[in-house]
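This is the structure I want to talk about, given as structure tokens.
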């Protein structure tokens, strides 16, 4: 009995989409108004999906207290009320939501042990979202 | 042309997370405030996903009237405005939402014939949800 | 420049609608399935609206940190993961969401000082909600 | 690093479910009130999911400007504020949301080049939705 | 202790905005794509707000069973899966959501007795809504 | 027959809460993590409510095309994908959502003529919102 558990977290941050190795014209052509030099921001909703067998004693895939503690410390406290462009991981990577998704997935998969990290999905606005599932094919 | 149809249903119920074979201390350590002896409750949202070929005559995977009738009788009327701990199926199983998900999936898969039951997903609160897809690997 | 600030909070609780001074038949006729002896539950969303002049120095009606601290301690921690029928305030009052709304409004109005408490609105399910604004006429 | 991008679009349209090769009685038995001769309508939400490698230079799966332009021209402008039964593609096909899903998927997959079209999901109402992923198995 | 109770209902319908006493050009200039001769449609969400004193015995403003029965019979069953332009009340009135709001409010206020009908609010899409409160000033 | 029409708009922006006439310590004590020097951001949802008599010929309070055009030009295009601290109006005013609400209301009330601007409400996150209605008492 393998089940999935998905938990939503929220943080607010700003970013500017800009690649220093491209010319100003290329940056503008690629990112449009997201290239505005002073940045803009979003309320990001992060959905973390983990999987595992439903423990026959506890009836749980994973204790939410463990998942919440880990994500709060590693993800929410790291990014909430920040400018993503200031973070170490985005000095060479453009802080698109795709790259943020990969970064968050990798952090979780690397260190979270109580269950298997299946997928990270981020809603950037109520009209768009991104998903990453590691090296595996992301089937729908 | 195989398509999926997902329908949402709602019911309100209470539960207490408590395993009779564990000590009071273990129960508290495992379930925290969910172990409160008088219970608490949720508005559960149940999403049932079924699949099938789109019928070339009707243009439908499955008649919603059939699915709604089945789920109302077997699931919603069974659980709505109840205390889950009182149900037969939760006398030996802790009524976590994982176990509820498995229970609902099994009931549907066992008897619903008009389409294949693919998945049951339950939102326990607006911040967490659970999915179960039977013995199959639940891919994302 | 008087403005309103509304903040949403969430808690999960169970309740049973039952008036001890009415007969079992009257209780059933009045409350229907909400009278089920073992209770049921909800994810309550509480919206607290406060008002005040926008402070010309801070640009705020009220510091959210103050409001959040007060509501967390006085309301969310009090009711989250409880059975409302066990609370002192519902020994003589039936724990309908109307009465819960009045109770929460009165607690806030009595002791919260940084801004004027205008209104408490509770969503019991995504399809119904209740509002109370103290002795004043609640205009729309 | 293959990721998925999902974008939501909205349009409002009317339809009548009716198969001209079935008798009036069969149509009523199959479609119920959806067979009402004057039609009814919905606010359709269309989710388009595309996938691709996260470009190491832009940090993007696909430029949203490209996807939005394509979907606006090919899908939203085509269906918004129309009666689906009047469209060429629904002269022989009943305009169920299953068939609409297939039609939209096929249009996108046939001509959209910047990323792979993985899936189209349509919410017909807030309580039901449909998904189609082409000839592939639609896994969950 | 006067409180408000708001209940949400849903129906799907189609309409065409067209005033027979205006020229085709005027209709097009006024209603744009909403004037499309074959109509379009929406999932309407109707919020009914009623008020009253919280009954000291029942703890309720009004029994939801009474409100639901009345609104189902008088409003939802009347409009669900219909073309609004076919209704008697819209033979001379254009079926805009403003006029639908007034019509629903008047029907409720005229005959619903268990509580005072304060307001009707209709969401036509997730981005727009309309409110009507009878002859009274609709304050915010 | 006076009715209200409410329309939702969306934009994404960043801001930093900081009052130049306060010391760094006072700023930190007042604004907490919102005082972070590099800013953060939000998806702002702006609800504009206008009122008027329902025109007996058109059935409308106000043509949505007029309202949308005005708000897009004056509000959405002005603020979308910007850093609020860079705007002229926030050189001396701290760009709290309260002040943004007042600013948007004043812009609309000053120049929008087709209907009366009643209220501006801004959701900063899904858990908090602000409302301003001009000099008038904002009743609920």
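Descriptive notes on the structure:
Letters are used for the chains, namely A, B, C, D, E and F, taken in the order the chains are written, and counting of residues starts over at 1 for each.
Simple rule for what comes next: a contact is a pair of C-beta atoms (placed from the backbone, for glycine too) under 8 Å apart; a residue touches a chain by one contact, two chains touch by 3 or more.
The structure presented is a predicted model; accordingly, all values stated were derived computationally and were not measured.
Taking each chain's centre as the mean of its CA atoms, B is the chain most distant from chain F. Over half of the residue-numbered contact pairs at C-E are shared with one candidate from D-E, B-C or E-F, namely E-F. If you average the Cα atoms of chain A and of chain D, the two centres end up 28 Å apart. Centres computed as Cα averages put chain C at a distance of 41 Å from chain D.
Chain B and chain E have Cα centroids separated by 34 Å.
Touching two or more other chains at once are residues 126, 131, 138-140 of chain B. In terms of which chains touch, the assembly is arranged in some other way, matching none of the line, ring, star or all-to-all patterns. The set of touching chain pairs reads A-B, A-D, A-F, B-C, B-D, C-E, C-F, D-E, E-F, using the touch definition from the header. Considering their complex, residues 1-9, 49, 51, 54, 57-61, 63-65, 118-119, 131, 133, 138-140 of chain C touch chain F. The residues of chain E lying in touch with chain D in their complex are 10, 12-15, 33-34, 36, 38-43, 80-83, 85-86, 125-126.
Within the complex formed with chain C, the residues of chain F that make contact are 17, 19, 21-22, 30-32, 93-96, 98-99, 101-102, 126-132, 137-140.
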